[in-house]
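Below you'll find the structures, each written out as structure tokens.
In the two complexes that follow, subunit A is the common piece, with subunit B as its partner first and subunit C second.
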Partner chain A sequence: MLMRKAPYGSVYPAEGFRAMMGVAVFELPLCVIFLDDGVYTLVKGQDPSALEMKPLGAGFPTLPDVGIKEFYVHDQSLAERGLTAADLVMQARVVSGTEIEKILAGCAAVLPF
Partner chain B sequence: MKLGIMVLEGPYQHQAADSAYYFVRAALARGHQIAGIFLFADGVQNANRFINPPGERNIGQRFEELAAQGIRVVACTACAKFRGLKPDIKSQHLQLSGLGVLADYLREADRFVTFGD
Partner chain C sequence: MLHTVNKSPLSSDNLQCALRVAAADSPILLLEDGVYAARPGARSEALVVSALRSHPVYALGPDLQARGIDRVIQGIRVIDYDGFVELVEQHTLVPWQ
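Presenting the complex of A and B:
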């Protein structure tokens, strides 16, 4: 599962979250990779109440409960946005683009959101 | 080869629904099989049987045509609710169902292709 987009500008990250919950309960093994503006979906302290939307970040730490154990964040995407792993709502492995290529190569399918 | 397809955008606003249709037709012409087409997020708008563009290609009809050929075309029930797409608005041969169908396609398909933004 590839999370590439900022959390509230489009429905993509919210639907990506729903898709990963939905697929995981049917016991398909999956990992989640956050890159580009998708890293913002993991940032702590999101408050979209002015938009009358629900905070997305709060949901991700619950994903291990449905069996999703592997979370990766692109190092360069974090750095370009002035973020570090300490700014995120959950522990995720910070990985390089080359490592992401390897992870994707090992996946049977990639769902980009 | 068996292909799974997901469409994340509705008709006309975005190229994704057109591309998915042409991709599926080309794959079938080459002798590939389609595990199914899952219409997710705004993709469910392609399931509206009242789509009627004067003088233009009918994107809703295209998915209906594929479904009538026996290809499983399923629109996400929850996404349909978000968009007021009631079952009686849905094209005849399409189905409404949940993310379990997406999981089935992922399991069955040798390759899975997403069409979106």
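Presenting the complex of A and C:
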């Protein structure tokens, strides 16, 4: 699953999360890759209460409990946003674009969110 | 005129487009995903710093808080919804979205 959009400004990251829960129910193997503005979805300290929305970042660290364990974050997407792995709500493997293409090549399907 | 930008500066060129048009001293308001431009350390910081030389730049506080942005580039003024309403009352709105 490719997560490329920032949270709250569009429905994509929330729908991606919902799709991940659906995949977990059917116990299908899934890797989740955060790149471009999608890396903002994992940033610590999100509090959208003033927007009357639920904090999205808080949901992702619970996914390993339902069987989704492969998380990747694009190194360049973090760097160009002034972020490091320490700014994220969960541990994810930091990978290059080339590595991402290799991971995608090993998947049966790619779901963009 | 008040120029509002609601898209992230790293996935859209709306901020650049707004700055090409906005006259000196016209205020720029970052809101929704536009507030990512206020975050220090991103690739877009130079664009914002240069905008601050000729425009007042505002960022909407509740949108910063939602996205975990607890620091903004120096010179950006953080406003709440009342401040947003005041700006809209004072200027004609040009939304870039």
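One rule holds in what follows: the second predicted complex is superposed on the first by the 113 of 113 C-alpha atoms of A that agree within 3 Å, B and C clash if a C-alpha of one lies under 4 Å from a C-alpha of the other, contacts with A are read in each partner's own complex, and residues count from 1 in each chain.
In this text, a contact is a pair of C-beta atoms (placed from the backbone, for glycine too) under 8 Å apart; a residue touches a chain by one contact, two chains touch by 3 or more.
Keep in mind that this is a model prediction, so the values were computed, not measured.
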Superposed partners subunit B and subunit C on subunit A - clash or fit: fit
A:Gln91 touches, of subunit B and subunit C: first, second, both or neither? neither
First (subunit B), second (subunit C), both or neither touched by A:Tyr40: second
First (subunit B), second (subunit C), both or neither touched by A:Gly82: second
Subunit B versus subunit C, judged by how many residues of subunit A each one touches: C
First (subunit B), second (subunit C), both or neither touched by A:Phe26: first
First, second, both or neither for A:Pro112, with subunit B first and subunit C second: first
Which superposed partner A:Ala6 touches (first subunit B, second subunit C, both, neither): second
Partner chain in contact with A:Arg18 - subunit B first, subunit C second, else both or neither: first
Three-chain overlay, closest Cα atoms of subunit B and subunit C, distance in Å: 13
Residues of subunit A contacting subunit B in one complex and subunit C in the other: 10
Complex interface listing, subunit A residues touching subunit B: 10-12, 15, 18-19, 21-23, 26, 28, 108-113
In the complex, subunit B residues that touch subunit A: 4, 6, 8, 40-42, 78-79, 98-100, 102-104, 106-107, 109, 111-112, 114, 116-117
Subunit C partner contacts - residues on subunit A that touch it in the complex: 4-10, 36-37, 40, 43-48, 50-51, 53, 57, 80-83
List of subunit C residues in touch with subunit A within their complex: 6-8, 10-11, 32-33, 36, 39-43, 45, 61-63, 65-68, 70
